[in-house]
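Below is one structure; the comments refer to it alone.
Naming follows writing order (A, B, C and D), and every chain is counted from residue 1.
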Amino acid sequence: MSNDLKPHMAIVKDITIENSNTKTYVLEFADKQQHKNFTWDPGQFMMLSLFGVGEAALSISNIPEDGLISTTIRAVGNVTKKIKELKKGDTLGMRGPYGTGWPIKEAKGKNILLIAGGMGLAPLRGVINHIAIKRNNFGHLEIIYGARTPNDMIFTNQFRDWYQIEKSRLDLTVDGIPPGTPWEGKIGLVTSCFPAMKTRPQNSVALVCGPEVMMRFVAKCLETIGFKENQIFLSLERRMKCGIGKCGHCQLGPKYVCKDGPVFPYRDIKPYINPL
Amino acid sequence: MKKKPTIGIFKFTGCAGCQLELLHLEDVFINLLDIVDITYWVMVKRENTEGPWDISLVEGGISTPEEIEEIKEIRKKSKILVAFGDCAVNGCIPSIRNWIPQMEAEQCVYSDTSSIHSTKILGIGEYVKVDMVLKGCPPHRENIIEVIKSSLLNIRPRLRQHPVCMECKLKDNACLIISKNLPCMGPVTSAGCGAICPSLNRICEGCYGPMSNPNTSALADVFRKMGYSEEDIKRKFRKYAGMTPEFRKEAGD
Amino acid sequence: MGNEKAFTIEKNDFGRLLEHLLKKYRVFGPTQRGLDATFNEIKTNDQLFLDYVSTVLPPKKFFHPPRLELFSFDLHQKHVKIEEIKQDEKTLLLGIHPCDVHALLRLDDFFLGEFQDPYYQNRRKNTVLVALNCIEPSDYAFCNSMGTGPFLEEGYDLLLTDIGTKYLIEIGSDTGQNILKGIQLENATTADFTEKNHRFKLLEKRFKRFINTSWLSKIAQENIDHEVWERLGEQGGVSGSLPCLSCGQCSLVCPTCYCYDVYDTLDLSLKKGKRIRELDSCQLLEYGEVAQGGNFRPNRKDRIRHWMLCKLGVAAGGQQSSCVGCGRCIRTCPVGIDITEVAKVLRGE
Amino acid sequence: MTKKTLTVNYIARVEGRGALDVTISPSKEIEDLKLRIYEPPRFFEAFMIGRRCDEIMELASRICGICPVAHQITALRAIENALDVNPSDQTKDLRKLMAISAHIQSNVLSMYFLSLPDLMGYESSIAMTKNHSEIVKRGLRLKKLGNDITDLIGGRAVHPVTAVIGGFTAIPTKEKLSMIRERLVDAKKDAHETVDLFTKVEKPLFERKCEHIAISDSRHYAINEGRLRSTEGLNIHETEYRDYISEKQVPYSTALHSYVKTRDAFMVGPLPRLNLNIPQMSLDAKDAAKRSGIKIPNYNPFNSHLARAIELVHDIDESIEIIDRLPLKQEKREYQSKAGFGAAITEAPRGSLYHSYILDNNGIVKKADLVPPTSHNARNIEKDIYKLVEENSDLSVEELTLKCEMLIRAYDPCISCSTH
């Protein structure tokens, strides 16, 4: 029988620097056939292994139409810091995809509100790219993205493309600006972008990803302006050891973040992220 | 050939047991020499360099003004400074004397105390920044290897912070507290030893120091229920790690 | 009962059955160690301690070992060579109690459901279960309340019941049937079954602990803000207990706690290593840590609550309580925390 | 000739921190000679006061990481003497086996890793691995054997845990001991080769007659119990120790200097043990001694290595003997606290080790008195160096320094012990 815990080898095909601590890696399974059969939904994640160091859960940050798998990784600990040292042509272990993606099917025909904080934009980029190529399937697209400083933002070189997506709006904000950093956008938490927000609750879904405190806050605000619990979707983070609902580390009340999530309707997890 | 990372091994106030534990790596000692270059180890070598070192393993606590200066020097010359064993971490057993007036301790041993200038004994972290902590009296060989390996790989070592009870149960031992009514320190002590003592029918004495976030007051209450006196409880916490903030409350002033 | 074939063997003749089993299997069973019992390999009849009450670690250690090597890897080449570490040995577990069999059935649901765990599955497939009905409930057990004991109805290959001078042997599977081929045994009589039923009735009255399971998980779920968690975690304790030590023992001895940690080890060449999984516990501070110093359960109160809720059926284990009432967690807790008492408090009893 | 000064600021390949200063006048007179032990003291004798007697073994162990076993057993015996506890023969045997294992470990460490590099012209055993890997591996193998035995009986090699008042918390299994027995049998070859190696290597010619002291027992080779005897006629019970032996403080050293009250400095260690107790050694060990040609009594401290090697042969023989007679019974341990005085002397690898304690009614320590082997030897080492320098004053500073260091290492001083 197949062993879900055993990684497969993958090759780093390309690397883009996002900011001082974050890079996007383009990956391909070493086994071409395996790669061919591989597909995913935006919002799903992979378990990446550096043997001898460990394994970490990382979202796929692009769409299957791109062919190769992209993942955008911030170096914070053992595995991610070591991944940062990888060069083109290096190999790592990979298994997945795991978890539920963003509710793209349900979102068809609706207005989409994306709210991302920091690294939270990584799993949402696939959604943006999907909407961009299937533009007519969706209503208005609004992206609100906040980071601690301009230097912490990711995908900045793609903002220009996103501005050009039809029927869309991109609003950027930062918590603060270190001296000498150019910045023309807003200053303030993501919720400070709410007054200017265009998306109304009717026929809309909100997809939210970022630090858990930020999501808690955002979800509450969205509720006050009329979004229903089942119109809000959050992508959660836990320190996963298996990715397949066995190791227990990502338990959230009766749910596993890895297999019942990481994307959850707010309704399902509301009592548990406060916090349990 | 690529230059091997250099290691320095230093001794301050302690018993050399940690260095011995390193020497006791007999099976892999020669393999270790394949990957590192030990350039300072007075207990084993006559020719020692003045550094710098990629990894410095420092054994022993700091108990004289001279030692304070020396540890600062070593810090300057070390990339990764490891507090090697309980003495270097928090003073270990010799720190019991910190509760005795220094003069009284000196007079107990020396008739002429004018040439003795010891201070309180403290871990090296009191004076310099420490990069890694190898708990234990002595640290288990596996942990020593783990620290050397992860220093070489530049990753955080996997050292246990959870209680000895975890390793004790992984070994299928019946708990000594409940089965024999013995005052085991396992529930507040950091694992890493492999639960040697409870596996051999001896209570954990706490030689790895506090675990992460121990509930010392509840354990002290367990001991009280067993009939141990306040003095006994103080002695138990004032042994290997009495100086740590975690044990300080139960160790008394 | 009585329609399948059943047998008996005199207790003082049990060695003959054991020898028969040892021909085909490595046998593991309860042995005495100090005041307690543990499951160990059995080579001779005198090592067996079938009159045991409960063991320190449950039989999950054979199926979901406390420390397990998953695979080895070799980094000499860029394309890392990964080799699974398999265990295909045929084994037989002798003398496993009803609650522990039920715990395995729960673990089956968990490990053999979505994303089958090949390590668990392999061990489960290769292990024969010879269960043993209890002769005396442990002071801590409440399997009766949980419907998991003291006698067993399902999940065994063979089932032994102590009926005085003999063991009644019932067959629960084809494997069980096959095992008994080639050994001469007495056929069981109606009187033997009557004796079994009689003993069951007597046993039921001897339990010291109870839990009222009706709506329990719902009640627990609605009480996540109950002050009992504060008492368990920080101050006061519950029904004579002290606050939790976060020692993790309860989850390691629980036959249905499965949480694990995964890590890699390298040998000194830094080129070869293994990926290991090891039992973990949600009672530990490290369990809830995430990147950048965050922790989802920083307080003891959060952790003991999580554990209790999981056992009471609120956590991810499922809506059904994952507790089988073996009593191990109560017996082993150094501060005397008792899940049945906590349940009472939650019910407002 | 000008004034010569020999300075070693941090003596290498010994345990702990000590220095050597020697000044020789142009007329070849020694103006100054100090074995300056500057290891900071830890004040065990102070902080042991107020501790429970059942903790003392654990605390005493931390005096020394090289010979924790010796400190544990000595402390336990002293406390047992105070409490009138008389452990079983099995306990005594297991303790002896454990003590011997520590001797094997420590003596091999001293011979192969601390001193052999001198005798073979290397700076360290690490440097020897290149050209003499077989020898280094043999040393590691023997050392591991010693460690593994300590580990098996005590739970770990450094600061073992199972020995307690009245016995052991757990005893090893037959299977494990018989595996060790096999290794011991195999190790005999290594031991004999060790004797031959240390017979062969050139040792400085030197002799200084002084009092040699060790514990001794007519029935067996004394390690854990015996009367304290010397080549000058000392023959006392351990409780009489303080009537005959005293200590002096010198301003330049944190280690006290011992001396026999009516006489002078003395030597303890493997050579005194050989001199006093060779009749009690195993036949094989006696043969090895004969083969090596060592003359007994022997007053060349550089022969300590050879004495260690001969002891190694005996240690292995006696270990096998003990294993063969161990009943491995589970035993009860019980004792009552009471007030009293207890003393004990054992042979640590480096020589005689003295502990005594006074306990109060509740078994709390009121006074502790500890004299480790290196305190016993400290003054004697200086006196040896004095003579060595006198006799070799023509040598260059470097050569003479090395010779002095070699002499110090022959004693294998354990400085942490001495400054406990």
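Note that contacts are C-beta pairs under 8 Å (C-beta built on N, C-alpha and C of every residue); 3 or more make two chains touch, one makes a residue touch a chain.
Note that this is a predicted model, so its numbers are computed, not measured.
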Chain located farthest away, centre of subunit A as origin (C-alpha): D
Chain pair with the greatest number of C-beta contact pairs: B-D
Chain at the geometric heart of the assembly (C-alpha centres): B
Separation of mean Cα positions, subunit B and subunit A [Å, integer]: 43
Computed distance of Cα centres, subunit D from subunit C, in Å: 51
Centroid spacing, where centroids are CA-atom means, of subunit A and subunit D in whole angstrom: 65
Inter-centroid spacing, subunit C versus subunit B (mean Cα positions, whole Å): 37
Numbers and ranges of subunit C residues touching at least 2 other chains: 263, 266, 270
Where subunit D touches two or more other chains, by residue: none
Multi-chain contact sites of subunit A, meaning residues that touch two or more partners: 52-53, 77
Which pairs of chains touch, using the document's own definition: A-B, A-C, B-C, B-D
Subunit C-touching residues of subunit B, taken from the complex the two chains share: 28, 31-32, 34-35, 145, 149, 152-153, 158, 161-163, 165-166, 168-170, 172-175, 177-180, 184, 186-188, 201, 212-215, 218-219, 221-222, 225
Subunit C - residues contacting subunit B, complex: 33-36, 38, 56-57, 61, 66-67, 242-249, 252-253, 263, 266, 268-270, 278-279, 281, 284-286, 300, 331-335
Touching residues (chain side subunit B, partner subunit D) in the complex: 11-21, 23-24, 26-27, 29-30, 33, 38, 41-48, 63-64, 67, 92-94, 96-97, 99-100, 104-106, 108-112, 114-116, 118, 121, 137-138, 196-197, 199-202, 205, 207, 232, 235, 239
Touch list for subunit A against partner subunit B, complex: 52-53, 77-78, 81-82
For the subunit C and subunit A complex, residues of the former touching the latter: 70-71, 73, 75, 78-80, 82, 84, 110-111, 114-119, 121, 221, 224, 258-266, 270, 273, 275, 277, 280, 282, 287-292, 294, 296-297, 302, 305-306, 309-310, 314-316, 318-319
